[in-house]
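In this document, chain identifiers A, B, C, D and E correspond to the written order of the chains, with residue numbering beginning at 1 in each.
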Amino acid sequence: MVANINEIQSAAAALLNEGKVKLVLGYRVRGNDRVPAFVTQADQVGCLAYDSACTQNLAAYLRKGEVRSRMPLAVVARPEVMRSLMLLTAESQIAEGQVTVLAVDEQGFHGVLDLAGTAKLLNEQYARIAPDSSLMEQLAKIEAMTPQERSAFWSEQFEPCTRCYACRAACPGCFCERCIVEMNTPQWISTAAESHGNFAWHMIRAFHQAGRCVECGACQDACPQGIPLMLLNHFIAREVEREFDARNGYDPQAEPVIGSWKQDDKQEYIR
Amino acid sequence: MSHTQQSELGARIAEQTGMNVLECYQCGKCTAGCPMAKYMDLTPSQVMRLCQMSDEGAKEQVLRSGAIWTCAGCLTCTQRCPKQLDPAAAMDVLRELSNREKMTSPQRRKILAFHKAFLTTVRKTGRMSEFPLVRRYKISSRDFFSDVLLAPLMVAKGKLGFKAHKIKGRSQIKTIFQTCADLARK
Amino acid sequence: MNSIGYYPGCSLSGGGIELDLSIRGLAQLAEVELREIDDWNCCGATAAHNLDHNLAIALPYRILALAEKQGLGEVLAPCAACFSRLKGTNVRLERSGDLKAKMQTIVDLPYSGSVKILSITEFLNRLMELGLADKLPKKLTGLKVAPYYGCLLSRGEDIVSDDAESPSAMEAALRATGAEVVDWNFATECCGGGFSMSLTDAVLDLSNAILADAKAAGADCIVTGCPMCHSNLDMRQLKIQSSGMGQYDMPVLYLSEVLGLAAGMGCDQLGLNRHFIPAMALAHRFDPPPQAAETAEAVSDQRSN
Amino acid sequence: MARIGVFICHCGENIGRTVDCAAVAQESAKLPGVVVSLDYKYMCSDPGQQMIKNAIAEQKLTGVVVAACSPRMHETTFRRAAAEAGLNPYLLEMANLREHCSWVHEDRPIATGKAVDLVRVMVEKVKRNRALYPIQVNVEPTAMVVGGGIAGIQAALDIAAGGKKVILVEKSPSIGGHMARLSETFPTLDCSQCILTPRMVEAASHPNITLMTYSEVEAVDGFIGNFEVTIRKKARYVDPAKCTGCGSCYTKCPQKKIPSEFDALLGKRSAIYTPFPQAVPNKPVIDAEHCTMLTKGKCGVCKKICPRDAINYEDKDELVKVKVGAIVLATGFELWDHSKYGEYGGGRLVDVIDGFQFERLASASGPTAGEIRRPSDGQVPHTVVFIQCCGSRDEKQGMAYCSKICCMYTAKHAMLYRHKVHDGRAVVFYMDIRAAGKGYDEFTRRAIESDGAEYVRGRVSRIYRRADGKLIVRGADTLAGRPVSIEADLVVLADAVVPRKGGEKLAQMCGVGYDTNGFYSEAHPKLRPVETAAAGVFLAGACQAPKDIPDTVAQASACAAKVLGLFAAPKLEREPIVARVNQNLCVHCRACINTCPYGATQDREIKDRQGNVVKVVAEVNEGLCQGCGTCVAICRSNAIDLDGFTDEQIFAEIATLE
Amino acid sequence: MTQATTQTETKAEGFEPRIVAFVCNWCTYAGADLAGTSRLQYAPHVRIVKLPCTGRIDPLFILKAYEGGADAVLVSGCHPGDCHYTSGNYHARRRWTIFRRLLSLAGVEEGRLFFSWVSAAEGQKFADLINDVTAQVKAAGPFKHNPARRQAW
């Protein structure tokens, strides 16, 4: 538990008391789990908790009608969640004034911020979040494989996928009204949990994260089958940064990476 | 480049430097800026022009010219060429060829003699030392009397090394010279 | 102690000896060790690339390979011609793997391309950063200098990082000495380079024009970084003057000599006594020689008597 | 149930030679949904078309595939035929058996097999085609012309003469453009102002023309026939309605040392000023940057002196919205900044000037009253060197193109100089003399033969100022094969013609493309030289490429003809290949809005009955949409689809290829 | 494949690849037309799907083609700066840059996905491109490790 949990609680209580927000979205402890807490009354803030086990990305709740109807609201947000909020702002899903941030990280509570303040904090304090080194190692290993080996590796990884879409549900970026996997005229992606449908689903899910994924890890945490989704996410984020010098979730006014262009974008592979 | 038909000289320049002499549009900026142009029998732009032509006469005229030897390699032409060509590098190619084909202009024999004296000194000792270089140059150019008064002064200033400094890896240097000579003959 | 690799090149043990002396002096002052490349050879200068394009790369290749073997990450090549040949070789090797393979067979030494070549100006600016700037007690106030870059310290886009038409690599260091940099037109004009012996008349013409412009701009001396330019402007100035082309008595100093003066190094240590056009008088404006001081004292003594 | 007809054309022997058309027809007949499959010698001929029409009527076809030549060739023909037979033309597709099959393959069985594939794909596509109807668009019969130089003036006058309204937008305080600054014009040496000012006055007084000077285009929305343009009218601080142009204010203004833009910085102007005496409108503006009243609150002389109380220091920029049906871009050019040329002094030598500066020196109304005097010391120069191709045709400076006008105006400059300074020496460095035009070559020859300009064929490598003040120009005479060095008193650089700075922004607003040099792109270099890729936006003058006055005027008049043609009909018809948003699926992430090159995807508020916004979604403006489909592919929700190329159609095509 | 093609396949020796090409209407389709009018001969294995612009190409189209068993996919449009719609190809290029890297990571081997700019004037380039792509795919053989391929059951 972070040292200054009381500060989070009192900040939340103040926001609710002053009527600045109608809802505080945070975490609470349930047994060994950390689950979302929806606090609407100042006297309930005592349940709010925060520690490193709070991995769920609460920004994902911002698309839910019952949550949206309680705006303005406050969210307990670690840096990745803040980045999600930046993305959601850039994609016009939330606007300044609707969401207040209770900023936290491993060190503790860092105050109450509006979205502009959050952007500033992110760029000043968390401009470089080092990717997990084990992810980079694994990627390097995969990239060193032959195409056949890579194909086999991924078919093994995707094979257990039951298409439960928990990954989608956990992701704040997956805010489509209806996911394309559910389209049937025409059917974009086979919904049967077998190899080609799974392959297409995971490719398109990863591709739809290009220029957007903040690497919070919620999708992978949510996956009951332990599919290493973060490998794909990190790979895409790395490529986007390499190719387009763009890093996701730092600029609330960012143009979409896929959806903008530069004349001198690289094209050495196009003949 | 595959579609361009190059003259023999143009092709040689392209091979060694990657430059396409046909891109030269004869603006003359190289000539305009060349500090040595007034000592040349062909201007730098004329040299470039002749390299574009595929007749034997053009090649002869270039390789027998004094101009290619008069180039000091100062790179002013290359620096300012609006077509971003490298005439200075072309000159290197042409000099090498002129020497190899024994076409060097008699008017510029002294320059060639100097270069040869220089390389001979390096080939034998690994380094250049003024006295052996000057001695070799004077003999081969038969230019005995110029600057004779300068030598004692240089000695006095400690600027004329009499003794050649011989490096340990002289055999390596000889091999390098030999291999390069073999490559050139091919 | 910092250390930098050192490739003196042939002319620094002969005609360009002042450059060697002053560089070593400054390096010592800035507490930078110069590690000379063992058994280095001539870079081929202008002669090699005139006659054999393979040789023109192979000779510098051996030097680079030796430096790499010796573990030298950066190597100073004070002579502008050596610098140009060595760095040019690096550039071309980097561009073409085929060339690298070819050179490896010719020279029979491996070279990965790790050695970085520093020019005289880059090196001296580095020394300034490493503390030399704080060790220049003498202010050369009133000294008007014409920085002369010539060809090989201004041109060659892959090699020189300065502005080719108005280079400025020497200016900061010169200003730090308190000298005044004059605005003149011939900072990048060619002096005739290696034609000193083989096309002397042209060299006299070209060098004369440079000297004339420096004089017209009010310079007290020309400052250069290249031994070839130095010998043309200094040694050949005698002939220029004796043949009546112009009368200049224009000392030609290496940048390292100017810095050495400001650092308070002695004329002999800098090699200023070795110039053809006397440079000592100029030096003595800022560093009166002992006997001159004595004479002055003697004079005043006499008066008092 | 689909009822598809397939019609295989032999195209004489063109298809028939390598494709067994009868076999293709037989195979096609077996395809599900195909009710008639015929082959014929020439499908595009009258009997061929009749065959299709009959089949449509008799077989009650719901879709047609014509397997013939490229759709670029005859799609319109066959679609018209289908329409005549009562079938929606967009229910007809073509399979390209000629260009993509019979002409590129020799092996008959292989070509036949491929032909069957091509037909199959199109049959599956056409089954999913929907009837589409041309889009009708209203046309607002007013044109906006951007740029008040000779191009804009001419276009505006011609459109106005055709009876349509024009709004002429000019960013500086007066119309007239560069032409008003010229001394005389080649090849006739007419006085530029003498021929231009009557046109300026006519433009100002024409009842169909609204002048908006000191104004800039801020935003362009809408589409052909229906543009909505936001124009920023910059604060003039002088009420034009009250001002009579008496000039008391600028004669009394104490700030008199401001370099005059009109005089290419060689002359001076006051802080309240008209750019030149014949300015239209002839009403001053205050330059807010230099007016001490506006910067420091001190002065107020002009307000005190103005007899009409026209001065208003509180004036603010004003945004005006106008509706126009067509836009003419006539933003012109400027000269390249030669300070990038280190070897020509890097902009530090004051006696190295550009062409406009020379024009002002030569102009009777210029800062020297038409006497050629050099900027540094006001002396008459005895040797003037003119250098052509300064920046032009110089790939190192990033401009490979010829600026087209420099050969002529340099000859004119040399001539004017020699006329004014009889004992002066004019030396012209040139690479080629490009004098293609009526009377042009004669003109340059005259400069050489009668007026004694010394033409030297070669570029200049370096210019420097010697201690005695002479400019040393080192050039080459490539015809004589020698370097030359000229001691000059004045050097005139014919700097490259480059597009106006910031022109890209205007182009992007209008959806107009531009080349790597920044010149606006015409729709087709030969056949559509005044149109652009954006329908309803036209180009006049040097914004498209360097041009002289006659070419500019001709292109401006051509623009007027295009605009008048567009305005001739009250409504426009457009191809109905446009994107559509499924508003139920759209989550308004705005990716499509960011992506659309035409600004056709826009925000749309969905309101409930009480008028409360319940949802914001994207919407496609079908007037603007050109049908590229980029938004469709960008949409993660697949909430957008493209008529004529729907996902369903394309998936069917791909699936057919399995 | 139809009977006609099946027959030719059995007749032809060895492997006849299936290649799906997504091309834009204004440049590459027109370039293919020019190859035709110029009577340039090229390999017959490529099947073109015409789109208004490369900007219309959803990455899923490429996946769909692989799902259907294509041995390779070719995507081609207008050169940068030449897009009929001014910037559709630039948008497309960004998508491809990432998507091809993703496919590569997932095991789609080099030589199964080709990108090209072919203008309306480049008939020869189109023919050369088709021949070259076909030759490469033929040399590589059937796309056995196609991770997207629909199973036959």
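Keep in mind that, in the parts below, a contact is a pair of C-beta atoms (placed from the backbone, for glycine too) under 8 Å apart; a residue touches a chain by one contact, two chains touch by 3 or more.
It should be emphasised that the depicted structure is a prediction, and the values quoted were computed from it without experimental measurement.
Chemist: State the pair with the higher C-beta contact count; candidates are B-D and B-C.
Modeler: B-C
Chemist: Distance from the CA centroid of chain B to that of chain E, rounded to the nearest Å?
Modeler: That gives a centre separation of 52 Å.
Chemist: As a quick test, compute the distance in whole Å between the mean CA positions of chain C and chain E.
Modeler: 60
Chemist: Mind checking the centre-to-centre distance between chain C and chain D? Centres are C-alpha means, answer in whole Å.
Modeler: That gives a centre separation of 54 Å.
Chemist: Report the inter-centroid distance (CA atoms only) between chain D and chain E in whole Å.
Modeler: Measuring from centre to centre gives 34 Å for this pair.
Chemist: Can you tell me which residues of chain B touch two or more of the remaining chains?
Modeler: Only 76 qualify.
Chemist: Using the touch rule from the top of the page, what residues of chain E touch 2 or more other chains?
Modeler: Within chain E, the residues that touch at least two other chains are 59, 81, 87, 91, 95.
Chemist: Identify all positions of chain A at which a residue touches two or more other chains, and write them in rising order.
Modeler: Touching at least two other chains: 180, 188, 258-260.
Chemist: Can you identify all of the chain pairs that touch?
Modeler: Every pair of chains in contact is listed here: A-D, A-E, B-C, B-D, C-D, D-E.
Chemist: Can you list the chain E residues touching chain D in their complex?
Modeler: So the residues of chain E in touch with chain D come to 1-5, 7-8, 11-12, 18, 20, 29-30, 32-33, 35-37, 39-42, 44, 47-49, 51-53, 55-59, 61, 64-65, 68-70, 81, 84-88, 91-92, 95, 127.
Chemist: In the complex formed with chain E, which residues of chain D make contact?
Modeler: 23, 27, 70, 72, 96, 98-101, 103-107, 109-114, 116-118, 120-121, 511, 513, 515-516, 533, 577, 595, 597-598, 626-630, 632-634, 642, 644-645, 647, 650-651, 653-655, 657-658
Chemist: Report the residues of chain C in contact with chain B in the complex, numbered from low to high.
Modeler: Residues 10-11, 13-15, 17, 39-42, 44-56, 58-59, 62, 105-108, 151-152, 155-157, 164-165, 189-190, 192-195, 197-200, 202, 206, 235, 238, 274-276 of chain C touch chain B in their complex.
Chemist: What residues of chain E sit close enough to touch chain A in their complex?
Modeler: Touch list, chain E to chain A: 59-60, 63, 67, 80-81, 87, 90-91, 93-110, 114-117, 129, 145-151.
Chemist: Touching chain D in the complex: which residues of chain A?
Modeler: That would be residues 91-93, 175-180, 183, 185-186, 188, 208, 255-256, 258-260 of chain A.
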